[in-house]
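Following are the structures in question.
Common to both upcoming complexes is subunit A, partnered first by subunit B, then by subunit C.
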Partner chain A sequence: MFTHIFCNRLKCLLRDKENIFWTMVFPVLLAIFFYLALSNIQQGEVFQSIKIAVVDNAEYQKAEHLKTALNEAATGKSKLFDLTHAAREEAEQLLEQDKVAAYLFVEGGRPKLAVKKSGIRQSIVKSFLDSYQQTAASVNSILKNKPRDPQQLLNSIGDRRQYVVEVSGTAAEPDSVLIYFYSLIAMACFYGGFLGMREITDIEANISPLAARINVSPVHKLKAFLSSMSASVLIHLAEMFILLLFLRYVLRVDFGSKSVYVVITTITGSLTGLSFGAFISALVKKSEGIKIAILVGGTMTGSFLSGMMYLEMKYIVSQHVPLLAYINPVNLLTDAFYSLYYYDTMSRYLLNIGILGFFIVFFCACTYFIIRRRKYASL
Partner chain B sequence: MYTEGGREMIVRVKNLVKRYGELLALDHLSFTVNDGEVFGLLGPNGSGKTTAINCILSLLEYDKGEVEIFGRPMRPDAYDIKREIGIVMQNVAVYNELTVYENIDYFCGLYVEDKKLRKRLVEEAINFVGLKDFKGYYPKKLSGGLLRRLNIACGIAHKPKLIILDEPTVAVDPQSRYKILEGILELNRLGATVIYTSHYMEEVEQICSRIMIIDKGRAIATGTKDELKAMITLGEKITVESQHITPGQLNRLRALPHVMEAEYKNKQLVIKSGKGANNLEAVLDFIKKEKIQYGKIYSELPTLNDVFLEITGKQLRD
Partner chain C sequence: MQVFKLCLRVLKKNIPSLLIYVVIFLAISLIMALAHTNEQEDALFSPSKSNIAFLSAEETPLVRGLKEELGKVANFVELPDDAEALQDALFFREVSYILRVPEGFSERFMNGEQVQLEKTIVPDSFSNAYLDLKIDQYLNSARLYVEQIEDLSQESLVQYLKSDLSADTPVELKTNGVKAADHVYTNYYFNYLAYSMLAVLILGTSALMLVYHDQDLQRRNACSPLSPGSFNRQFFLAILVFTGLTWFLMVIFCFLFNFKNLVNINAVFFVANSFVFAVCAAGISFLVGNMVKSESSIPAVCNVLTLGLAFISGVFVPAELLGSSVLKVASFTPTYWYVAANNRIAALASFNYASLQPVFSAMLIQAGFALAFIAIALVLGKKRRLE
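Right after this comes the complex of A and B.
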């Protein structure tokens, strides 16, 4: 009997195009969208040298130290500036045409900055100039007091000492884009809720005529439910693995080195999603449309709070409402993935998986107690 | 197994009471269905037919009463009883993702585990409902009538001893309706006991060997169609299509022997006579004598609608 129900259920699920779209195609499409949108963010994070101009006149030629400092900042692989020497009028023209972020000129022996608007690039140029002027002023002031060893002063002037030691918890590079993909996987896991919901709809006689027909057959209700739920679990796990493989091998998303744990996390997530859908369906005594609305609303809210739409939200929730972070299964799932990637220790990962395990047991137990009744007050 | 009058009792319902809050859906409903019968539950929409069926099948909780099937109490876990029951729900209950064949096979498989036997039963069911040419079709591609036939096939493929059909012909074309009704009689001939609910009195009259008329959850009359018709005073109804009848003529008609009632409405003169009387000749003589212009004249014996009307004071389709 198990095989009979299981196999037919597999057929039904595989032929349900709408279901397949939402539980598999949609997450894959969203992954492609994320990939296209977020790859630019990654590129944007690479520092681009700031184009500036310097007015090359007699006064500038006299300012030897400034010339040296600017030339140093404009050479090398990760140079700060892309420097153009120009006459005053030409420099002004370049600024006007936005071809440079700012131009420098020396007036009365002091370097000055001309900008058209304020912004990050202009702030960096100003910081550079301020730093140069402060250092130059300090050196001049010390030299006036005739130090014993001027050479040592000059050697140590550029020396910066760190008083705080940074200890990294990981060998992995922090990657904010990964959180989006983790949220996507978590959301896809929770879209398994549609399958869980359908299983309940098809077994509760007060919801569908199909369920009533199954209830009058000589098959134990829970046996029928478990047989068809097993098919849903299999289908959803397969869909999740397809998504993972797509992310890993097509979009080249790096999940770190712990692939076995990634699989375990996905299985846990899938089971959480399925059991969550079944729980909502069993709990809400309303039409199927309302149940779907609640499931989608719950999943999307959970995804939002875990940072899928706005990355900072994950940190805002963790900082201000930490309890919400622990009772949001979507967040637990993204956090499990992220801790797997980012931390070398497993304690945070295990905590997340443990809480998710609790949620699975909780959802299943509640669903069982709700659907175990065998007669209905109304149909 | 219970017996009553020498016949095996398949279903016994005693004092069934079902309330939906303030509404009394079943009011101490009692009836029995004997082996080999086609038992009709006739009543208007909302009279409690489907509620009664759902209570019998242990799908619905009820407040009071007993249900026995095959002499044993019916419970949700009475799987040995359920194995012998076939149910055709009012709403079509099939999987849209499975073909006609797969749907019948799936539901049959809930009752019959032997694959070879199941294959044979499914083929028989497909032939029985006339869906041989539609085996590979998905339900969405079927017309309303064919869908109803599929619904029936899913309920009867496992050859149950008791078949319950809850309004199986709602929204069905005349051809499919005829096929369905013929099929039910054939199932009965093959040995199945049938409970058939409908608000179509013609169907119930056509196929049911015994009928229970139900209204507001109460059984108001039970018997064969002749027994039911014998319960009322109406014996004959004569209808005359005429353009004009004067009040005086109407009064003189009412004064004829055995005439219980004479009414002229919508250019139709309806004369109802008491039981045992054949008034057609007297009415024809009257029309000739009064020189009444007429179109058609026809005489009818009482229908179940007349039974329902006389007992409850309202039409069956009200």
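Right after this comes the complex of A and C.
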């Protein structure tokens, strides 16, 4: 009997294009969109020289050192600035038309900056000028204090050293782009709820005619339910593995070195999603539209809180309402993936998986107690 | 005007389900726009302080001076020096930067040796790069003193540096009275409109058009004395009215939440641009409505289309951060031009022809897209009727 129900159910579900779309095609498409939008951030941008203008007047000509510093920054292969010399009005016009990010002028012996808006490029120009002035101040005060070797001093200015070296806290770089992909997997796991929901729809006699027919057949309800649920589980797991393989080998998302655990997490997530859908469907005694709305709304809220749309949200939640982070299954799943990737130790991962396991048991038990022994004399 | 009236009645019936989408999208747009406004707040003129952990193995005047200097741009968070606690702090973004001063740093530095500090960071944040710059500047200046001045004590070095590093470049902001930052919220809100408005329009229009695509109904309509031209005109008029209402509702919301920043000429251009885009979106939804075959495929098509367009044309992720090849593809979509025009409008400080010209051409391109979509939709619709 099991094989019969299982096989037919499998065919039945695979022909449901809508379900397949939402549980597999949609997450894959979203992953592609994420990839298109975020891959550049991940790889770091190719630095482009910043276009700036300099007001070329008598005061600028007098500021010899500034001139040298600017020209040095505006030459070479990986130059920082693209320099345009212009008269005041001209510079103003260039800024107006967004041809330059900023223009600088010398007034009272000090460089000043004019910008139209504050942005990263403008900040870099300002940092450069700040640094120039601060170094100039140091040089002046050193020259006043009888330096050892003034010639050597000028050479040292050009030799800027990097004093900070990055040491990784763990084996992996904390990469925030990954959170997007992890919460995407978590969302895909919870979209498995559609399948779980369908299973209930097709087994509860008061919801669909198909279920009414199944209920009059001489098969134990639990047996029928478990057989068809297994088909859903199989399909959803297959879909999730396709998604994982797609992420790993086509989009090259890094899952860290613990691939076995990634698979375990995905299976846990998939089961949570399916049982969540079944639970909602059994619990809510309203139309299918409302059930779908609750499922999608719940998943989306969960994904939002775990940072799928807006990364900072995750941290806002964990800092202000830590409890919410632990009862949000989507967040638990995202965290489980991320802690696998990020932490050397497994304690956080195990905690996440443990709570998820509790959720699965809870959803399944509730579903079981709601649907068991429900019989109808007439519908 | 029977067709027109009927269309409005069909749409009216769909109001509850559409309203859910409008509310959700508005909520998301508002949250996102607000969040980005906070994030973008004037990094240049008042850099927002980032949270850092400063772990020092020694307590010397030089280290104290460095810490004081960093205090100008960062808040210090006390953390236990324990690997797991530090990992947690970075993981949950309690701090975005952990700076570690190794034992004997000051002494070796004063002797002119090559020494380095260690940092562990959350990558990709601009404030981190800013901190790096600050630290490098401090220590590079310090090195000049160490190399040149004999018998320099740490205390006097710190004193020198303190006065040197107070030098700051004055910045003039060239705008027409309104600070450029004030447009950040409006800019984001209108950018998100490209996603939310398009989604609502596609859902509503498709639901409407599906009603008319019933074959029996179509055959009945075909033998009515109403010419197909008039039918289509009324139909499209209904879609335009629907578009107009949706657009109006969404723009009004922006005004409600952000009124004080919208009393300027930039706002007029934002609104005008969004109207042009709304017409274009109506064209897209007309086309989609002509192509969908079943009710269940509407949300699928709608989601893929709106999210896809939004992601590649810089609605969710700022266009400057997208790859150039992605942007090239995106420039074949109206959303790209809409977002481009919005970003340009946000940066407008004066309103002469030269600065407005790119905005106008972006609007024209959107209008061109609108015409193209409508034309294709009409051709497809005709083909579908003849089948």
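Assume the second predicted complex is superposed on the first by the 248 of 379 C-alpha atoms of A that agree within 3 Å, B and C clash if a C-alpha of one lies under 4 Å from a C-alpha of the other, contacts with A are read in each partner's own complex, and residues count from 1 in each chain.
Assume a contact is a pair of C-beta atoms (placed from the backbone, for glycine too) under 8 Å apart; a residue touches a chain by one contact, two chains touch by 3 or more.
Predicted model, so just to flag it, every value in this text is computed and none were measured.
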{"item": "First, second, both or neither for A:213, with subunit B first and subunit C second", "value": "first"}
{"item": "Partner chain in contact with A:376 - subunit B first, subunit C second, else both or neither", "value": "first"}
{"item": "Partner chain(s) touched by A:205 [first = subunit B, second = subunit C, both, neither]", "value": "first"}
{"item": "Touched partner set for A:350, first subunit B, second subunit C, both or neither", "value": "neither"}
{"item": "Which of subunit B and subunit C A:245 touches, first, second, both or neither", "value": "neither"}
{"item": "Of subunit C and subunit B, partner touching more subunit A residues", "value": "C"}
{"item": "Partner chain(s) touched by A:98 [first = subunit B, second = subunit C, both, neither]", "value": "second"}
{"item": "Subunit B versus subunit C as contact partner of A:29, first or second or both or neither", "value": "second"}
{"item": "Touched partner set for A:8, first subunit B, second subunit C, both or neither", "value": "first"}
{"item": "Subunit A contact footprint on subunit C (complex, rising order)", "value": "20, 28, 31-32, 35, 39, 42-45, 83-84, 86-87, 90-94, 98-100, 114-124, 126, 130, 132-133, 135-137, 139-141, 143-145, 147-150, 160-161, 163-165, 167-175, 180-181, 296-297, 300, 303-304, 307-308, 311-312, 316-317, 321-323, 326, 344, 347, 349-350, 354-355"}
{"item": "In the complex with subunit C, residue positions of subunit A that touch it", "value": "18, 21-22, 26, 29-30, 33-34, 36-41, 45, 92, 95-98, 110-120, 122-123, 126-127, 129-131, 133-139, 141-142, 145-149, 152-153, 156-157, 160-170, 173-177, 293, 309-310, 312, 315, 318-319, 338-339, 342-345"}
{"item": "Interfacial residue positions of subunit A with respect to subunit B in the complex", "value": "1, 4-5, 8, 11-13, 15-16, 205, 208-210, 212-221, 374-379"}
{"item": "Partner subunit A, residues of subunit B touching it in the complex", "value": "20, 54, 57-61, 76-77, 79-80, 82-83, 85, 87, 89-95, 97-98, 102, 106-107, 109-111, 113, 154-155"}
